[in-house]
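Each of the two complexes below includes chain A, the first together with chain B, the second together with chain C.
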Partner chain A sequence: MSAATEAAAIPITVDFSGGLEMLFDNQRRHSVSLPAVDASGKPATIAFLIDHLCRTLMKDPRAELFVLDNHIRPGILVLINDADWELEGEEAYEIQPRDNILFVSTLHGG
Partner chain B sequence: MAPALCANCKTERALIKRPKNHAKLCKACFIAVFEDEVHHTITSSQLFYPGEKVAIGASGGKDSTVLASVLKTLNERHGYGLDLVLLSIDEGIKGYRDDSLETVKRNAAQYDMPLKVVGYEELYGWTMDQVVETIGKKGNCTYCGVFRRQALDRGAKMLEIKHVVTGHNADDVAETVLMNLLRGDLARLSRSTSIVTGDSRSEVKRSKPLKYSYEKEIVLYAHHKKLDYFSTECIYSPEAFRGSARGLIKQLERVRPTAILDIVRSGEDMARLVPGESPSSCACKGQKRAAMAPAEDDVGGCGSQNGRTPGNEMAAMDKQLRENEANEGLEIDVGKAMSESKMSGSEKQRDLPIRSGNGASKAVPRQVRGNCKRCGYMSSQDICQACMLLEGLNKNRAQIQI
Partner chain C sequence: MGEASINGEPAAAKAAPNGCSRRLTDDEFDRYSRQMIVPGMGKEGQLRLINSRVLIIGAGGLGCPAAQYIAGAGVGTIGIIDGDVVETSNLHRQVGHATARIGMKKVDSLITHLRGLNPLPTYVSHPFHINPQNAAEVISQYDLVMDCTDNPVTRYLISDICVLVCKPLVSAAAIQKSGQLTVLNCPPTPQGLVDGKYAPCYRCCFRKPPPPSSMVSCGEAGIMGSVVGLMGVAQAGEAIKILASALHIPSPPAAGDTPERNLQQPTLLIYTYDLESAVGPYSFRALKMGGRKRNCFACGENSTLTLAGIRAGEPDYVQFCSVPTSSVSLPPEERITAAAYHAAKQKGELPEHILLDTREKEHFSFGSIEGAVNVPFGKLLMKAAAIKRDVSPASEILPLESEKTDVPIFVVCRRGLDSQETVEKLKELGLDNGGKRRIVDIMGGMKAWKEEVDPTFPFI
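The block that comes next holds the complex of A and B.
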């Protein structure tokens, strides 16, 4: 693999639901080009994606509704290709091309 | 990491890790087990009888949508013989209910159930927008919650339905248990754990079939069954959960997922210690029929029919409850309380002092179960909470007019 491809971005889709779409332009589905590696050259993980979304995609100043103390806010479920992220290594999961990552809040009205 | 296989069928890929026991299940097995557990709760508590007309308190949100979907499925699968109706409350908040009522209308079509919408305006003479205009945004969730409680009962009465089911889940119950524990209010704690509320005097019985269902699994059930639900925060409610009982529940779950059901079970066990309060529990543990608890204080917060009680809201509600208790202390008739509890056939009073609210050091007698002198709804006080709040509002309106 050449350095050029390594520097390329990973195409993924990111979905928000359960009220989280409010924080991201009221849009449920986003196509995201995620840098393949983080600043220290490590492969992009869910933790890196969360940080990337906060920096580039969030339109709402209330970041604490999505992230608390640098981690995803308790009460928000993360599904990686429809599987609970707890089955996939949570924040350490390495993002693959064409992954679908869903963030769904359980915190809003029932 | 190689994908894990479902612990049940051992063929499909596991997509769910259950919070209650860490079991890894595939989509189909998860949906089946979720439904089976609700069925178990319903049958072991003997919640329904064949031919019963039941109103589902429907907000268009995840909990009530899942409840409607599961009840429809189980009613057909197990032949409950229930006549199911969707009942929605319109609080009168401009714009807020438009989308959620649209969702409920779609649900009515999807589940082939009739829908009844009742407004605060027709019930109380006040929309929530008017309440906020009068008292401001602070503390209005208390009004909304108190009004909502009776609204479902009154709506059911209009439809001549005697049983309302709500989407309260295990997280909701755990939150209420924690809040009442923090207040030292064992009497309310006990009532909040009951699966059925309302007593022989109340015209409408209420129950929560999802009492043992994790909120996480409710959301996953809705996701995997592709249910059509609506989520929004009430525009008048503070958005942050940080520092609230709800936030604490979610943080506990993150560290140890079984904590939520453990709190629910602990609440039920504590409820058994309260004289005259009969806790409900799964009949597998011995009870024949879930006992009813008076429900007047089962006050939800805002945003749904469920109690959502963010931080400063908790303080406002706390103050309100304390004021009510102060009034109650003056009005209570001990002799009447004793004879009433005998009449209702509850077990002999033990000499265990049960404190009610905020560490009040005096032992208080059990609350009198009676009816509001104004509106006739079940209330432990002469005037129910809704009528008290309305009195304040109406005074305010009169002042404004002067």
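The block that comes next holds the complex of A and C.
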């Protein structure tokens, strides 16, 4: 891996809603500079982003409220540019510059 | 449902098939004139509403505002199902009830309010909770269902029944400062049809419920009345749109029309705002969702879901929504009842100690046990993690002294769960000095304190 690609970062915005913001310093929008490739040199995907957020952005130690068994926990929707990630390839979606990724917890109260 | 719960003429007369071409009565004409002149509505749309039957499940924070606009718009038959009674703490958001009706069944209270607003519709009271045994019978009597409930067990049940009896479902939810709204199974399509574009059901959008540990109710976490009200009103708007344009009628598979004709882009509307700052990144957001899923448990091609199965307890909704949690169970010597703590303190038998109260600061602000120090549970966990990470002294987690390492620590929370976890966490950090220092959970939290010690305590 060359020094240039190692340093390359993708600018994106990451939003949290439905109570998940609580795990990220009560802030609903974060500007994130995501490394363009993961440790093995593969392009950054949603799976990589989730791991990156857990390592760098999460202030609350209750990681199990966000990930379970290395996957996003049940009851959280992931939206890529306002579309359900299932329409975009889920964890394998390769992140593009200026993407907006929204994590929203399913609500049940009423 | 009993005959006595239906007012006016028999429902059959109102649902007459030729009802779509009749004259409006003078009262109807006056009452609905302002909405009938809206482009797209007209006399035809109004008559469709008058001939429609809507079931509102839950007469609470969503159901009250939803029902007001459903009734106001002139939907002909309005069923309401709920087994609760009106409580004072409901009234800031459940605006279809009244102070004078505290203690009354919610369905009866809400229907009283709706009759005052519009006496023309037929109101049907179902004064019990919906469950797997009664759900299909109640839901089949209606054209459209509004999910205004407050828990995932009921939400999955309602959606499954709507799939099986082919009813559109308008679903909303809210907590604290966030709300969600989505239209499901509309137009309704028989279970198992997957070749083509069809609307999703609740399970297509929300395949699995969140773990119980991550779920809180409005009673625990709080809810702003305007937030849940907004979602309820939006629900009514979607229902009225569907009924007035006849989108609720399943298209016969053999007809020339393709099901895509009426298929809207499946959308999840979310609403969030901040109380703390005026400017947030967004308030409303419309999210694009997928359609019916081929492998969906309820509506997919190999689904084994049946009405008979549901009635017999298959699937088990309670089990599905409650993955076992690893709850802490402390030995008896690490616990004390609220009454025993109080008695020992009164008699001067309690040594000098630290009392940690792990409730949120909003809860703490209404009152606490004398001498208690507030360290909210979330903050405490964060501090604990920081201590582990930075290898800083564990005593930093304690707000007061760090000198007297033998002073016992008592922990109290709201209902007695977080406090037990806190005791475990403090021991894990070594604050018990290898067992020399006592760390004790006050059983049952401030709820028990109110019940056993001080009935005037302002517990929320």
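Keep in mind that, in the parts below, the second predicted complex is superposed on the first by the 100 of 110 C-alpha atoms of A that agree within 3 Å, B and C clash if a C-alpha of one lies under 4 Å from a C-alpha of the other, contacts with A are read in each partner's own complex, and residues count from 1 in each chain.
Keep in mind that, in the parts below, contacts are C-beta pairs under 8 Å (C-beta built on N, C-alpha and C of every residue); 3 or more make two chains touch, one makes a residue touch a chain.
Predicted model only: the values in this text are computed from it and were never measured.
**Q** Clash or fit: chain B against chain C, after overlaying the two structures on chain A?
**A** clash
**Q** Using the touch definition from the top, say if A:D60 reaches chain B (first), chain C (second), both or neither.
**A** Second partner only.
**Q** For A:G89 in the superposed arrangement: first (chain B), second (chain C), both or neither?
**A** first
**Q** Does chain B (first) or chain C (second) touch A:V104, or do both, or does neither?
**A** So A:V104 meets both chain B and chain C here.
**Q** Between chain B (first) and chain C (second), which does A:R29 come into contact with in this model arrangement: first, second, both, or neither?
**A** second
**Q** Both chain B and chain C contact which residues of chain A?
**A** Dual-contact residues (chain A): 17-19, 22, 62, 64-65, 68, 73-75, 77, 79, 82-84, 86-87, 102, 104-110.
**Q** Quick one: in the complex, what on chain A touches chain B?
**A** Those residues of chain A that touch chain B are 17-19, 22, 62, 64-65, 68, 73-75, 77, 79, 82-84, 86-89, 102, 104-110.
**Q** Under the definition above, what is the set of chain A residues touching chain C in their complex?
**A** 15, 17-19, 22, 28-29, 59-62, 64-65, 68, 73-77, 79, 82-84, 86-87, 102, 104-110
**Q** Which stretch or stretches of chain B touch chain A in the complex?
**A** Listed in rising order, the residues are 1, 3-4, 13-17, 24, 27, 59, 61-64, 100, 167, 169, 171-172, 215-216, 218-220, 223-224, 231-234, 239-242, 246-247, 250-251, 253-254, 303-306, 308.
**Q** Can you check the complex and tell me which residues of chain C touch chain A?
**A** The touching residues are 58, 60-63, 147-152, 155, 172-176, 178-180, 205-211, 213-218, 221, 223, 228, 231, 268, 270, 272, 274, 280-282, 285-290, 378, 381-382, 384-385.
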